[in-house]
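Chain naming follows the written order as A, B, C and D, and within any one chain the residues start at number 1.
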Amino acid sequence: MDSAADTPLTRWEQRTEVPLFWCSLLFLAGYTVRVLATGVDMIWRNLAFVLMLLMWLLFAADYVVRLRLSGQRLPRFLRTHWLDALVLILPLLRPLRLVKVYTAVQRRRDRARLSLYARVIAYAGLTAVLLGFSGALAVYHQERSAPGASIRTFGDAVWWVCETLTTVGYGDVTPVTPMGRVIAVGLMICGLALLGAVTGSFSSWLLQVFTREDEKWPPEDDGRRPPGATS
Amino acid sequence: MDSAADTPLTRWEQRTEVPLFWCSLLFLAGYTVRVLATGVDMIWRNLAFVLMLLMWLLFAADYVVRLRLSGQRLPRFLRTHWLDALVLILPLLRPLRLVKVYTAVQRRRDRARLSLYARVIAYAGLTAVLLGFSGALAVYHQERSAPGASIRTFGDAVWWVCETLTTVGYGDVTPVTPMGRVIAVGLMICGLALLGAVTGSFSSWLLQVFTREDEKWPPEDDGRRPPGATS
Amino acid sequence: MDSAADTPLTRWEQRTEVPLFWCSLLFLAGYTVRVLATGVDMIWRNLAFVLMLLMWLLFAADYVVRLRLSGQRLPRFLRTHWLDALVLILPLLRPLRLVKVYTAVQRRRDRARLSLYARVIAYAGLTAVLLGFSGALAVYHQERSAPGASIRTFGDAVWWVCETLTTVGYGDVTPVTPMGRVIAVGLMICGLALLGAVTGSFSSWLLQVFTREDEKWPPEDDGRRPPGATS
Amino acid sequence: MDSAADTPLTRWEQRTEVPLFWCSLLFLAGYTVRVLATGVDMIWRNLAFVLMLLMWLLFAADYVVRLRLSGQRLPRFLRTHWLDALVLILPLLRPLRLVKVYTAVQRRRDRARLSLYARVIAYAGLTAVLLGFSGALAVYHQERSAPGASIRTFGDAVWWVCETLTTVGYGDVTPVTPMGRVIAVGLMICGLALLGAVTGSFSSWLLQVFTREDEKWPPEDDGRRPPGATS
């Protein structure tokens, strides 16, 4: 267990990872209320804003604590934890840290119950769904009041996210504002890589299933199974 | 043969798999008549509806029998057989079970005659064709009477499915109703993974063909040289 | 050399493969003249038609000779050589046989000079270019006189083929006739698989280049090179 | 070290690679000023032109020196260095040589600090960004004054490049001039292969991360068990 030594920093990270994940979901919930609850009383939107602010302060506090515990100086810590810094500035990207949450949760149970490919599909798919939902909210937020916009309802934004992440790209609804397009490009880069991982894993899993069938065959049980044949 | 033990459940599944696959094709045929036969006598559409209902009752009976034979309680059975439950609610997704049918059919013949990649291509391609056909029917069913729809004939729906599954996505015809878009997203998720498997397998097969040529070369016949080069 | 035994059939195939490939290029040239040379004298288009007919008769004769030499009955020969039969009916698909031509040419030289990935990229890329050119001709042939067509010049057709094969699919030009769409679907299925092979091989080649750099490193020359790291 | 023998040519290439890379960035900067600085004083555009010319003369001189040092005749040198010749004619493609720069830089440091996949992602991603920027400039240069063009600002061109390289292809902005389309096709071919490498590497990296977690598991610590499971 050298690679995951029992330092104060790793202990802190293992303990806070799951609560912070719930906090990031609360942040997302607050943002959802801010963006979608336009018709309701102003107080709800203000409550949502306070919730978002509180969550963000928690994230910032966590970053500072981890900086202290690491015993590193700020520039070096920024370099080695640049993804965490990015996620602090843009909290909607927090789902990208899901892989660490997964590890933290897994450590408490006794054994992984899903196969390798199933776990990659589950992780990448779930991350893509959370990022896609955040992206739909953010793009809808930018576009809904723009003149000449084609994304006018939240349903349009979700439909746009789906056709973008699968790279189908009909173009019936597209962002037209500069900010909406910047969010769109970010979503493409993050989401396509994740969905590529889902597709690739599914493809590998299918090949594995068919290879195992060959191996289960009663006749010609020749010891040397073709493990390379899967790849 | 531990993994496929000779329990009553596995015996039942092996025996019913192929007949149930034909039933699902009948269900699809009934749905096709319901959707496409708009100009003919009403009696044909009613007959098709009765056929669909009968087939669905068969699927439900099969699920109940398997629940009993498994000796598990309902919540646990639902969890381990969630894909079967989904397929029971949305019978048009039945082609996804084709891989089990393939195994059942294969067991009766003496030997697989196709190579690994050819079988993955055949399985994933066939599943994609069946799902695509069902999706074209379902989307056409939703869209044909919608105001402002661009999918107005069944030919348009098939063309839309082809450009969607290949991720080309021209956008000349697109679903506009909420229900049509939900079906479209489902089709993208299922279909893209399957077509990714087809493309990946074809690519691997091509690499294998070219690698074998290297190995067949008369001079420097050093048997097992580049096995890693395939991957 | 059991797999490529020295039967009359294999000798015939080795001798005729390259001449027939040139014939298929002549066929394509004739089709190009038929489709594109609309403004010139009628005699050229008729000459092109005669050339195409002659080439097609050669293809048919070759198929009959191979049927005879194989000593198989027609139904069985059709089953084992279905791709050849398809290519006989649709001679524009002939480039798909390029892999055999490649093997035939290679056998005469003393050694393959390109690496595995370079050969797959060259083969799949060249086939995709030939198929794409044929597809552009065929779609242009169908679409140019259709009412409401967006593919009106041959340049449009080539642009459409490029955006289709790369799955970009802007949708600024799309086929609108049923026959044009059927050709488009065929082109998508053949072309995407080929371009998937090109992309996959390029990706594997890049990984290989970077892995080799690791191995060339002077310090820490630890015998166990990571062969699994490539895949 | 046979493959990289210490000839005058390799010494020249190792020494000039990095300076020439900076020159190509200067060339790109000059081109950027030429294309984008339309409102400013004419003198800046002329200065940019002189800068581009100077850089190009440097590239040409480098090619001639390398031809001399290689001791090969021109036709043979052209054949073995065709990519360099192409890059000399179209200097905007220079980023494609980045892999050599990377090697040259790496040799001076003591050790690669990034993992295999991270390096491929960094290399292919950076090359794609540079090519995409050059492509956006070139397409904007062609399209901005064309009648009926949909790419009218440089922002549109960048947005078009992003949706093209990710193969989303909404089609809200597309090139309409023949030259713009030729550049677009070149961009698709180069860019898609590079982004395919990025996606493939990310997918492989994710599988590797999840596989390592399995191996780190305390119970059943059987060292080298699933190395084939990654692929």
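Keep in mind that, in the parts below, contacts are C-beta pairs under 8 Å (C-beta built on N, C-alpha and C of every residue); 3 or more make two chains touch, one makes a residue touch a chain.
Keep in mind it's a predicted model, so treat the numbers as computed, not measured.
Interface matching across B-D, A-C or A-D places the copy of C-D, with more than half of contact pairs shared by residue number, at A-D. Just to note, of A-B and A-C, the chains joined by more C-beta pairs in contact are A-B. Averaged C-alpha coordinates put the centre of chain A at 29 Å from the centre of chain B.
One simple way to say how far apart two chains are is to compare their mean CA positions; for chain A and chain C this gives 41 Å.
Within chain B, residues 167-171, 200, 204, 228, 231 each touch two or more of the remaining chains. A complete topology is adopted by the chain contact network, contact being made between every pair of chains. Interface residues of chain C, counted against chain A in their complex, comprise 167-171, 231.
For chain B in complex with chain A, the residues that touch the partner chain are 1, 3-4, 99, 103, 106, 111-112, 116-117, 119-120, 123-124, 164, 167-171, 174, 176, 178, 181, 184-185, 188-189, 192-193, 196-197, 200-201, 204, 227-228, 230-231. The touching residues of chain B, when paired with chain C in their complex, are 155, 159, 162-163, 166-172, 198-200, 202-204, 206-207, 209-211, 213-214, 216-217, 219, 226, 228-229, 231.
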